[in-house]
Amino acid sequence: MPPVASRAEPSLELRDVSKFFGDHAALKSIRLEIHAGDSIFLYGPNGAGKTTLLRLLASLSRATLGEVLFNGRPVERTAGMAQRAVGFASHQSLLYGELTVRENLRFFGSLFGMSGLAKRIEEVLELFNLRDRGGSFVRDLSRGLLQRVTLARAMLHDPTFLLLDEPFTGLDAKSVNRLEEILRRLPGEGKGLLFSTHSFEQGAPLAKRLLMLEAGRMKYLGPLALAPLDSLGITGAAPSDHE
Amino acid sequence: MNNLRVIAAIFVKDLRIEWRNRETLSAMCVFGLLVIFLFNFAFGATGEQALRLLPAVLWVAFAFAGVLGFNRSFAAERENACLEAMMLAPIDAGAIFLGKMLANLFFLAMAEVVMVFAAALWYNFSFLPSLHWFVLIAFLGSLGFVSLGTIFGAIAANTRMREVMLPILLYPISFWILMLSMDSTSNALRGGGGDSLAGGIERVAGFSLVFTIAAYLLFEYVLEE
Amino acid sequence: MKSKFPLSVHLALTLVWFWVAFYMIFLYAPREETMGEVQRIFYIHVPSAWTALLGFIIVFIASVVHLWKQKPLADQVAHAAAEVGFIFCTGVLITGPLWAKPVWGIWWTWDARLTLTFMLWLLYIAYLMLRGYLIQPGRAANLCAVVGVIGFIDVIVDYMAIRWWRTQHPQPVILGGPNSGLDPRMLATLLVSWGAFLCLYFYLVRQRLAVAQARSELSEIRRTLELARTER
């Protein structure tokens, strides 16, 4: 076993990670470290590798080269610690259509072996203003509601690191405000946040750091305030090629 | 302890979904009944002849009905990428396997009850005198068959033409479990007992156990990307 | 890949060995009394069968090594062993009926070893089809290795189960004790012929492996180029 640096605060790290699909490189030599209290805005055009990067951090996918580390240890050797510490939401809902919202949350919560699950379910439902929707079948939910339940599921087990892929998709103005409020609050509560969105104006105010990807490569990683927007080609207008 | 809770959660979840839409179980039952019906007419057997055919007809029907269920089992998990949601949780692949396998076993057992009733009725045959043996053989044979069906169902879910791939993988490998179950069933229904019956049941149990353990141990490689 | 035993030498050895084997099969081995000349197919049939079985054993070992070490080479070996093994297994199924018809009077019977060979053939097909139909080829290695391992367990199960089933196949005459009745010249022919088949088998596997490795080297180069490509 490699020497493990003892750290007081939890961290999630990509160390020289590349990911190939066939001969195509989706990510090239990524170095990234997220700590509790961090908030990183993941920005880049479609196909830049944002989703792949988030999936690697959630251990849903394996790096071709390099390592994904949790607290300095390879994620596959943390005996579930990494999974407990990570919450992930993607454009797929990861919910069972034939179950109600509460049943879905209860099922996934029980996989985490959570104590006080019933109370926590009510908390996350409250958080996303879903209390009166708890009994609805997931297959009957509108796009926006589904997205809120997806986020509720990701936050259910109170993860230290929250990885959100396009979390604003499909949300109405009120829910967007709500989510922004939550995301702003999280770093102060000792959570690490990494999220992507196609709109720079929407993401920028919510994060301290910016990670810009282009064609699988890191174009910029650093404080948002110092980002050379012009040379990064960020004009301020949202890319219109969003799916 | 933790694993038991996870297995139970997955099992209950599958049952609840099935209870809501009743798609898999009804398809399995109807298909199984059709097989029995077709065989009944194709062979037109009565009396002693029917007794020879019955175990074969039953196990072929079980095997066909099972494949329908296994195919659906992981297709459902692929919708909305729910299988990934399970992999996001700190649980063993083996627990996922056992949860899914037990749910599949439960569905197949339900369908088998329906098929056996139909066969008893249409062949005018009473299972009652050797029911305990029959239930034991059906359970042991189905266990091995379902274990293989669950892991191959998960594998076939990664292929184009998954409905075709599953039987191609499953039938050759579960061949002897089905054959020996058929043979033991025939022995039991004939009222034969003693060594040959016990020996046959032991073999079915042994093979089923070996495949179940292998599938349990190998399942993590099926889930990993 | 440079090797102390180049493929060209391997091919030459295979050809020479087969030349010797054919000489022994047709001229050296004595005529079998009851079956006549047709018995000579035995020297092709049996070695093919042994080789086909060996092929699946290699698939199994390579699969286990792959699952354990996650090395692409093990997966390539398993794939190559299966492809070539399938060809030999098909050979067994073709030469079997050719021999059975004049000797038993039937082309085919569901006796133990025939059933077994047929099932081995089905296993090979399942294994190779799975590789062909996967949506993400990147997952082929692990999924096929799982099928390779369970498939091999099935081969063992087949062997055990078949012993309980009745058989009309000739009982093993080779290792059946001192009085097995096989003429020493026949035994020698059989072994030489098997050697030739093994030599051919490994030649084809190596050939197949060389293609796979060239492909993975090419992919490696492409990947390195991708990574090295400077930002625009």
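Going by the order they are written in, the chains are A, B and C; count residues from 1 in each one.
Convention: a contact is a pair of C-beta atoms (placed from the backbone, for glycine too) under 8 Å apart; a residue touches a chain by one contact, two chains touch by 3 or more.
All values derive from a computational prediction rather than experimental measurement.
A complete topology is adopted by the chain contact network, contact being made between every pair of chains. Among the pairs A-C and A-B, the greater number of C-beta contacts is found at A-B. When every chain is reduced to the mean of its CA atoms, the largest separation from subunit B belongs to A.
Chain-level centrality, scored on Cα centres against the all-protein Cα centre, points to B.
Centre-to-centre separation of subunit B and subunit C, using mean CA positions: 32 Å.
Between subunit A and subunit C, the centres computed from C-alpha atoms are 49 Å apart.
Computed centre separation for the pair subunit A/subunit B is 39 angstrom, with centres defined by C-alpha atoms. Shared interface positions of subunit C, defined as residues touching 2 or more other chains, are 138.
Contact of a single residue of subunit B with at least two other chains is seen at positions 224-225. On subunit C, the positions that touch subunit A within their shared complex are 137-138, 219, 222-223, 226-227, 231.
Only residues 58-62, 79-81, 83-84, 86, 88, 90, 92-99, 103, 107-108, 110-113, 153 of subunit A touch subunit B when the two sit together in their complex.
Residues 18, 20-25, 28-29, 64, 214, 217, 219 of subunit A touch subunit C in their complex. On the subunit B side of its complex with subunit C, the touching residues are 148, 151-152, 155, 158-161, 165, 168-169, 172-173, 175-176, 179-180, 203, 207, 210-211, 214-215, 218, 221-222, 224-225.
The part of subunit C that touches subunit B in the complex is made up of residues 67, 119, 122-123, 125-126, 129-130, 133-136, 138-139, 142-143, 145-147, 149-151, 153-154, 157-158, 161, 164.
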